[in-house]
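The next part holds the structures, each set out as structure tokens.
Paired with chain B in one complex and with chain C in the other, chain A is shared by the two complexes that follow.
And then the complex of A and B:
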């Protein structure tokens, strides 16, 4: 029941906000804050409800073979948790910056939250496509929301590539339906091994091409830096922190359920693409002078890290991939909010013009440095721990070259983040004006503290067990199938 | 089964034409047309999946065999999604045209790298 509410409540809010705007304009300010908090708590409680034991909800009372099932198992719960925190942070950042002014923005925002939660909990592959497209549409609109020419151009680029990806996914789903006549993921997991191998190859290829475009993996990444850097600060944080992770969840869920035993080559492809993303993303980031584009290219590389973890196809690798995903969520949300604020305050995004920032924006630069240290992977922080476990898992799975690429990519990232910091700490001219951004500073600081905390997680056995359970549960497809088909 | 083979073939050819249009043409309207072609081709494939030889429309009371109505429901949903994608794409193209006075992609290159 609560799993259905994670979709319904944000959808209701998206519907109610225009009504409140028309009839009770004075309520809008409080209502939006209340709505944001409510969505956060509903998503968290859905995650908790599915943690101990998978929570199922049969829509309309139909069994899984006939109807749509919403299922929250450990993997979904973990990503719901990630979406709640990342979405909450982005909501607070946009609320602090915009207040209730652009009510249309919040309509799209809640639509995005609803459909992201829908992707995370659905057990039906066509339903997944529908939620996926609603969330992509909301993301295109959020990117273009400022209607500046960069935003429109980035939005159009994102839309064209995202739609091509969506049609490839739909093509894969159409082939699945033609081959099996079923769309429930648990049923598909049982019947897909019996279809001809060639058909399975075509299905896997269509789904993988579509998902790689949507994720923004290296060879098809070119929409990502534009979209993530042209959007508003809070939207950039949301896109890099959460939206990309939801796409990774889709890849993880589909590849594990449909192709783990029938087509191991899928995982090789994911590993290769992940390795390319790590190297390509870092090398492109090295050339950037625009601070938000630099962060966006860094996202491409970090997606590569997560894909290397997914590509191991083992419990340890998937746990490490999730751990890196949640680490990256905190780091990138913090970095984008800090960088976006700096860029707005200084009226420039070029890192050469941000000289001497330390002397004028001391706390911002300190928080930024801490987050940078985390994303590069300095020892006690979260970024180090997740990369360490990713390397361990990749080497254990026999993927030595990806593990080496991971280490090499870290060196490159250290180089370009150091360059940014060296400009911040050098001496320079005082900035044009000073605003007091306590709100943004608080969110970025909280993200930095979470990175420090996540560095402790692997050292405490009871906390690390929570993370390692996610991987064990994710590869245990038999349990997923039996729970889903229990009715 | 020839009609089914034919529609599958048509769908795949249409999909490739749509993809080729998006990749090769520099006119933004042609890009949107390419997207529309890709959408139609996938929908054709899904509708063809519901075909049953000698089947009747799936309306009660059914005499004999009916075609599978499930793909039709999918197609309707997918049409709505595709229509909203295309509408948004056209809205973006119009906004870009207002600024640049052209829809040629080579002249609209603000974002690079």
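And then the complex of A and C:
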């Protein structure tokens, strides 16, 4: 039941906020903060309960074949945890900046949170599409929220490409429905191997194209740098940290359930796209002078790392992919919040104009440097560990070239992040004034500390077991099916 | 033969190749005469299990009610977004509407239009229609007011807040109706199993929670679509009055 509440509670908040705005305007400030905290705790507790034992809720009391089932297994629980933390950090950052002012922003924010959780826990492929639609719409709107021309343009671009992606996903689902007549993912996993191979190819192609567009993988990534860099700070953090991870979860879940045995070529395609994303993303980031765009292109590359892990199709690779995803969530949320604050404070996003920042904004630069070290992969930090396990898994699966690309990409990323840091630490003119937004510094600092902590995780066997369980659970599709169809 | 022309031809050929692949996928599926999967069950026992003779309504509001909540949230999100993005300009009362004949004619139609919309919403479980369709007709009526009688007309002045109230309470109502099922232990959005009276199949009072959900969706959709129209028309009139060539009436 608690798994259902992760969707319903944010949804109800989104419906309640306009009513509070109409009747008790003064309550809005406290109510929004309370709502945000409630969503965080509900999501975390759903993740914990789902981790201990797969939690199912049958909507309307119908069995899995007839109705919609929500299911939280270990993979879902892990991503719910990620969504709760990333969403919570973005919520705090936006609350610290906007207070209760634009209440519609929070309506859309809670809708986004509800639909992301919905995607993560649903066990029905059409329901997945419906939640996908809500969360994409909310994401387009959050990008355009600041109503500057860049934001509107980025939002429009995101809208057009996102809709094309959604159409492909819908096309794939329509094919699936035509071929099998059912929509439940466990049932589909059982019946899809019996449909003709040509039809299965088309289904796989449609779903993959749609999801790659939504993820922002390399050949179809054009919307991502614009959208992630033009949005306001907290939204950038949320988009890079959580929203793309939700799409990655969808890719992971669908490819494992539907294509693991029937179409292994799907995993090859994922690996190839991942490799391209790593190289393309890093090479594009190398040319950027705008700090937020640089971070956005770096997201493309980091998604590539995660895709290489997914593409192994093995438990070790998937665990490593998740570990990198959660590392990247902390790193990018921290980096975007720090960079966004710096950009607003200094009124520029060009890295050449940010010379000498260390002497005026010491703590921000220290936090930023720590996060940079983590994302490049300096030894004891989280980024190194996840890349290491990704390389191990990729070579074990026989994907040597992706593993080499991973290492090469890391070198490029070290180069461009060092360039940014060298500007920060050189001497320059002092900025006009100083503001002390403790919220942003605190959130970015907390993210940096988490990166340090995540570096320890693989060294502690009991903690690393949690991560490796995710991969084992994810590839064990038989258990997923038997749990889902138990009623 | 310019470069762009060449690119267009290449793109066209690529699209054709993609279409051919997709067509081959359809051809590979043998058309079956038998209905398979859950659809067979729906056709056989929807009326018995949900009390609604309209199978589409039974699927939308009972078997797959969460999808409907999601779809309604899509509309809710877009309404909220449009209201947010178009919130900058002021509302201007300008036009005087269409000619006398149109005004008279429409004034005869309006009551029937409203009745028709209410009928579509309320009888969604026994005849084609439902909250989405009826709500859209309701919204059309409010839009007609603005077009025919001009934006100065009294009924156009329904405050955006009132619409927001209707929309949000419709959405909340949907969730609350669903919570009854959770309360009784039958599962969220359960219908007959949650204790909603089934009624006599085919009569007006039947279908358990389906008519209630239809009303909730009707409220949400009608207020939402109307809000979309009025958020955008503000901007349109704002631009027209700003144009130097056009005098204000």
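Worth a mention:
Rule of thumb we're sticking to: the second predicted complex is superposed on the first by the 487 of 487 C-alpha atoms of A that agree within 3 Å, B and C clash if a C-alpha of one lies under 4 Å from a C-alpha of the other, contacts with A are read in each partner's own complex, and residues count from 1 in each chain.
The rule is simple: a residue touches a chain if its C-beta (ideal position, glycine included) is under 8 Å from a C-beta of that chain, and two chains touch if they have at least 3 such contacts.
Values in this document were obtained by computation on a predicted structure and should not be read as measured data.
By the touch criterion defined above, A:475 reaches neither chain B nor chain C. Judged by the touch definition given at the top, the superposed model places A:130 against both chain B and chain C. Of the two partner chains placed by the overlay, only chain B lies in contact with A:226; chain C stays clear of it.
With both complexes placed on chain A, chain A has more residues touched by C than by the other of chain B and chain C.
Within the superposed three-chain model, A:160 lies in touch with chain B and out of touch with chain C [touch as defined at top].
When both complexes are overlaid on chain A, the residue A:251 reaches neither chain B nor chain C. By the touch criterion stated above, A:403 is placed in contact with neither chain B nor chain C.
After overlaying the two complexes on the shared chain, residue contacts for A:170 are found with chain B alone; chain C is out of touch.
Judged by the touch definition given at the top, the superposed model places A:287 against chain B, while chain C stays out of reach. Within the superposed three-chain model, A:335 lies out of touch with both chain B and chain C [touch as defined at top].
Touched by chain B in one complex and by chain C in the other are residues 126, 130, 133-134, 137, 140-141, 144, 147, 152, 171, 175, 178, 181 of chain A. Only residues 1, 4, 8, 11-12, 14-16, 18-19, 21-22, 57-62, 65-68, 102, 104-105, 107-108, 111, 114-115, 118, 126-127, 130-131, 133-134, 137-138, 140-141, 144-145, 147, 152, 171, 175, 178-183, 195-199, 201-203, 205-206 of chain A touch chain C when the two sit together in their complex. Every residue of chain A that touches chain B in the complex is listed here, in rising order: 126, 129-130, 133-134, 137, 140-141, 144, 147, 149-150, 152-157, 159-160, 163-164, 166-167, 170-171, 174-175, 177-178, 181, 225-226, 230, 284, 287-288, 293.
Here chain B touches chain A in the complex through residues 15, 19, 22, 28, 31, 35, 38-39, 42, 45-46, 49, 68, 71, 74, 77-78, 81, 84-85, 88-89, 92-93, 95-96, 99, 108, 110-111, 113, going by the rule given at the top. Residues 21-22, 24-29, 35-39, 41-42, 62-67, 69-71, 73-74, 76-78, 80-81, 83-85, 88, 161, 164-165, 167-169, 171-172, 175, 178, 181-182, 186-191, 193-194 of chain C touch chain A in their complex.
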